[in-house]
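These notes open a run of structures that come right after.
Paired with subunit B in one complex and with subunit C in the other, subunit A is shared by the two complexes that follow.
And now, the complex of A and B:
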């Protein structure tokens, strides 16, 4: 068992435990906020700890399991006694420390390293806390469930029956009956792992109940009547016993030698090896029952959810993309042009409907609510406000909004960065706040909302705001000013902070102020096609807005033609398309072309000139204009003709090409129905040319 | 099937050794190690990508996969030539980068024993000398054996900044 490589079981363990820890953190922080632990929350924490304890013990991570066990003890106490006098903040610290420990261990395991961290100190702390709790609430010790419950086996004595079972070389049949500790859960799986361990040791294994893997109900049977194994082996009974004794959560083991398997069932057990394990006290029984009911409830809930490896989803996504293209290839096949095909059209429409639905579902599968990422911020706010001695309240709005899994991964770090910055630089200390006549508690609002096909994430604080003068000074020092000071609007000045190498914080703190940070935020957000902007009011606060796309994979696009090339413009950026009137076109003396639309003047971008495409259509009257808008800047793109609108699957340009340089204005490419390639225009890149 | 492949991988490497796909550019005959070659396809519709060096002609769609294509003629500063139905794209995979090489025509797969492979003469004349790893002798013919890795990476950044 010790040579566990990354088998599915371990994978599952890591995944589950990580999820549980996240849940735990959330509950703890919520509870701390409301200054009380509700019964429901305590039960939930208890359950989480219990599950972690069980699964880590099963995977032989003793330190995690013991730690989880002591935390479970603690919450058991809290639950049973509801001690009113309790230092919540200390309790929270303890549990969070514990959770952090398990997290680091998990990441070690994930990196195929050894989980070698020692949890002794933490356990000591927890025990100390528990005992002070007990003192405070002047309770008898009897409720304290045995601390050594987890590792009782090592210390226990057992008696060997008189019948010498010492190693006779002939093969014999051994009968072992195993009882697990109550409430250890998943008895059938544990039983199966025992059987698995015997492969290679015993030639002939039969066991009862026999359908342990297929049938979950055998759990009950094993719980009640024990798990019965018949082994035909040449090893001595002692060896077998030793192997069996290693079973985790073993409460009681009976081992005897029998002649015939069927006979054995009839016979009374002649020799018993009794493990004097902790007998289930009434308290424990009660606890076990409760846990079981809780587990049963959650179990039925969990059954509707399966976890799938993301790489499989990516594969599925790719395949659906291929299918969309293949469908277009069939339906728009040039061979079918100008043919009257009623039945074909009907069938094609049906196919189109189904592929559309599949596509929606696949996209929906990949959508994950932002709540997980948002709630991580709770933890940061809590830890930092404590350390920085600031009182801060975080309000989360719109956490239910869902975005693509890939995008979530990309925004987590930037959000964390922004949060730290806000806490460190934005929010003032309590004294300063009071001096300014603000409330003593600073507030940060983290909000998400849908805007078209984008999601806006807004971080708003009521801190001191950005210092315009300081930013300008700093920007000048670092040569970051891109235009004259007087020409810059307030917003442009504020957005200077996103440039690389900019940091106004004079001292470097633990959390921020190294002068990286903000430009990392921009870069991270830009890789997923999003934008960052900031606005600020002196002494009123700062608002940072992230605009990110809902999904990366499939977009609605308008295909346009220039010469022989085809380009795709994301439909969301298009405001309108039109044919111009001669008199609306203005040419500057410098040769810059502009067009007047409803009293507004817009620059014209000739796509054929930009990309050096040969086309016969160069006169404005022969082609068509597409007005696009991004970041409040508009532009009229001049193209030969519109080909039509369709959903396109975004593919990245090959690395070989992007390694040359980042091509201005190209976001990627896509395959069209006829198999040809269309280049997707990056409007944000184009408007900033 | 996979088992079968696993078993034969070792053998395959052996059989691939010393085998070269030969193709022609004008009068010269070139060879690339067969282990790099993924497949050979006829010339396809190429989508041009702006702002790239001339020899990168663009991208093609190879059964849903987007692959960049390089005109080897232009890469070696030869005269460009109209593409015909003899023109082929050799798709090679070097260090997980797939790229198509446009060549005049593909000839055959040859086994060139090691003793017939010699170092190229050290001359500073001739631009493409550094892309030639070795020279293979086949009967009375000479095959220029290409260094695929250099073909994709060498000096490209320099060239690019020159052209800008």
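And now, the complex of A and C:
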């Protein structure tokens, strides 16, 4: 089944369960940090497990359901008994293992496979933990149990010996035996419900089995032998029959008038339930107040949220892209050139405004906060620091910043990889840290911030920093040095680690290695038009910075012309455009061309030379310069003329071109209003040429 | 056509109940994801029937039941419970819940209970 046609119930199940698991993980990790589970958190975990249990049982995923049930039981115990002697770390491991199991099963289900994992072992472990917990906390346990048992007994009135039933002859005694339908469940509660409904109708009621309230196993008895009631009432047998017939899930009813209550039942010490007694409520008094406040809030805001399949959003995004192009094709149609069209222009402006708004909304729909991805790192830090025996604290800043969903998908893996690396190689063991005079606990800061149309994600640690010599040596061995060693700045040396085929660790560890180097990070980030850089200070720490665009799909661009070709420069990179003065041009003896602008010297890039385009405009005085900046490096691009600013839809260069040839400095292509193709310049690529 | 307010913190459960009811001629008056919202919506929408989950954040089902009964003592409330919550269901019945559904439920099960109201 494709994603689009999948059963909406299944889809909802997967979506909601995954969300609950994420919540669960977060709560657990936070609780572990504070070394205690707050009542609120325990309630929350209990509730999450309860919900997963219910939903998965409905979907017939029994292994998940039973596992969730056992975790629910465990947290029920923790909630009710508040055990003092509890191994938090073991509890956390158990629950995380359980959550992992459910997650794995979910992804199997999502891949339209079968959830075939067996949770028996996990359930066993949880049960074992629960029983040790009960043993260890046996003292409190006992007290609680006796309390619980005592309460209902006080409320029970024993029917036996009162003689009320047989003593008053004016009223009939009716015996009703009720059989419920198979599979209706909770028969004892249903029986209780019947008894409860006779309040005010019958004066005396006794019934068998008599312990339906305190003993839930009576449901088996009722299932087999039916539920037997003796009523003393003024009402006719027919009226009583009518009332009883309304019972939900009633399979069979036997009703007869009798003279005496069965001996057997008397011997069973039937009890009468206290119909008029106080409700076993705990919150009664508070309620009245609360209801009032709620009534007052009746008109408070209602948040309505629907969930939508991502593939539909993608499609919508594509269509909006096409619409932007189509709009440009209409408004800038060559047929309209040099015509006076006042009314058309007015309508076109209106169209332009609306397409702009639609585009903004569609983009906004696709924006997702980074928090989900960031919080996954908590888990990695937890698991790894435990295994590597390092103490590490992760601080997350700016998790609320939103980026396009597509981009989130691309940064999750690189972030995990970087995080593992930092934990494995960056942060030292506690002993080493103390020896260096550092705090015993290492810190990693994961921070996101908005910078223009980009988001910077910074991973900063206070570990040992990168080893310059080692990097240089390795780079030399692998022939990765692109410059003379002496010419390289520290930063350039550090950034060698992102080159393909670079890895300083001789042996690959379980975590950071995995047979791939940091170049995977670079590759992933570059596919979404981002950049990676690293800086490091010996024994102070390392800072890795990812710069990623907010969105991929539509950018503001400046179209420029070179010969017959058209190029688009992302507007965010443009600092200015100008016509030069003859005297500002500097030509070095080796032919390098530079231009002076306000006392600063900038390199010149002739686009027509770079891409081999024929143009008549080669003299600097005839064309125009566009100064662009990226990563604090600037460059003046020389072109024939500016065509104008426009929003363009970024399309990747088609495979049949990229497979054939890797072209430097191009980020993609786009369609212009007149239907011609424009190549989008990759400024980051150009300044580094 | 009877209108139903579905109160459950699990979107999945709401969807399951909603599908069954819509298919069988009930009108969904609204949905709420916790007791507090449920009580508020009851007051606002006055549906014929409420299906009420027990375990919910903010305000649990029993408390919500009490509140709904305070607003309207004739409110028809059906408790949606899971196995192991017998005690809660009994409490709910004492507090005036009409009937109950046990999770996991079938379409038939839900309809029987709803139709009996």
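Basically, the second predicted complex is superposed on the first by the 500 of 689 C-alpha atoms of A that agree within 3 Å, B and C clash if a C-alpha of one lies under 4 Å from a C-alpha of the other, contacts with A are read in each partner's own complex, and residues count from 1 in each chain.
Quick note on the criterion: a contact is a pair of C-beta atoms (placed from the backbone, for glycine too) under 8 Å apart; a residue touches a chain by one contact, two chains touch by 3 or more.
A quick note: this is a predicted structure, and the numbers were derived from the prediction, not measured.
**Student:** Given the touch rule stated above, what does A:16 touch, subunit B (first), subunit C (second), both, or neither?
**Tutor:** A:16 sits against subunit C, while subunit B stays out of touch.
**Student:** Check the residue A:655 against both partner chains and state whether it touches subunit B (first), subunit C (second), both, or neither.
**Tutor:** The first partner, subunit B, only.
**Student:** Could you look at A:395 and tell me whether it touches subunit B, subunit C, both or neither (first, second, both, neither)?
**Tutor:** neither
**Student:** Determine, under the contact definition given at the top, whether A:618 touches first (subunit B), second (subunit C), both, or neither.
**Tutor:** Once the two structures are laid over each other on A, A:618 reaches no partner at all.
**Student:** State whether A:54 touches subunit B only (first), subunit C only (second), both chains, or neither.
**Tutor:** A:54 sits against subunit C, while subunit B stays out of touch.
**Student:** Hey, is it subunit B or subunit C that touches more of subunit A?
**Tutor:** C
**Student:** In the superposed arrangement, does A:210 touch subunit B (first), subunit C (second), both or neither?
**Tutor:** neither
**Student:** Scan A:38 for contacts with subunit B and subunit C and give back first, second, both or neither.
**Tutor:** neither
**Student:** Would you mind writing out the residues of subunit B in touch with subunit A in their complex?
**Tutor:** On the subunit B side, the touching residues are 45, 47-53, 56, 59-61, 64, 66-68, 97-99, 152, 156-157, 160.
**Student:** Quick check on the complex: what are the subunit A residues that touch subunit B?
**Tutor:** Contacts found on subunit A: 322, 325, 565, 610-613, 651, 653-657, 660-661, 663-664, 666, 669, 671, 675-679.
**Student:** Which of the residues in subunit A end up touching subunit C in this complex?
**Tutor:** 8-9, 12-13, 15-17, 43-44, 46-47, 50-51, 53-55, 57-58, 183-186, 188-189, 192-193, 196, 213, 216, 246, 248-249, 279-281, 283-284, 287-288, 290-291, 294-295, 297-298, 300
**Student:** Quick one: which bits of subunit C touch subunit A in the complex? Just the residue numbers, please.
**Tutor:** 9-13, 15-16, 19, 36, 39-40, 43-44, 55-57, 59, 63, 66-67, 70-71, 81-83, 86, 89-91, 93-95, 99-100, 102-105, 109, 112-113, 116
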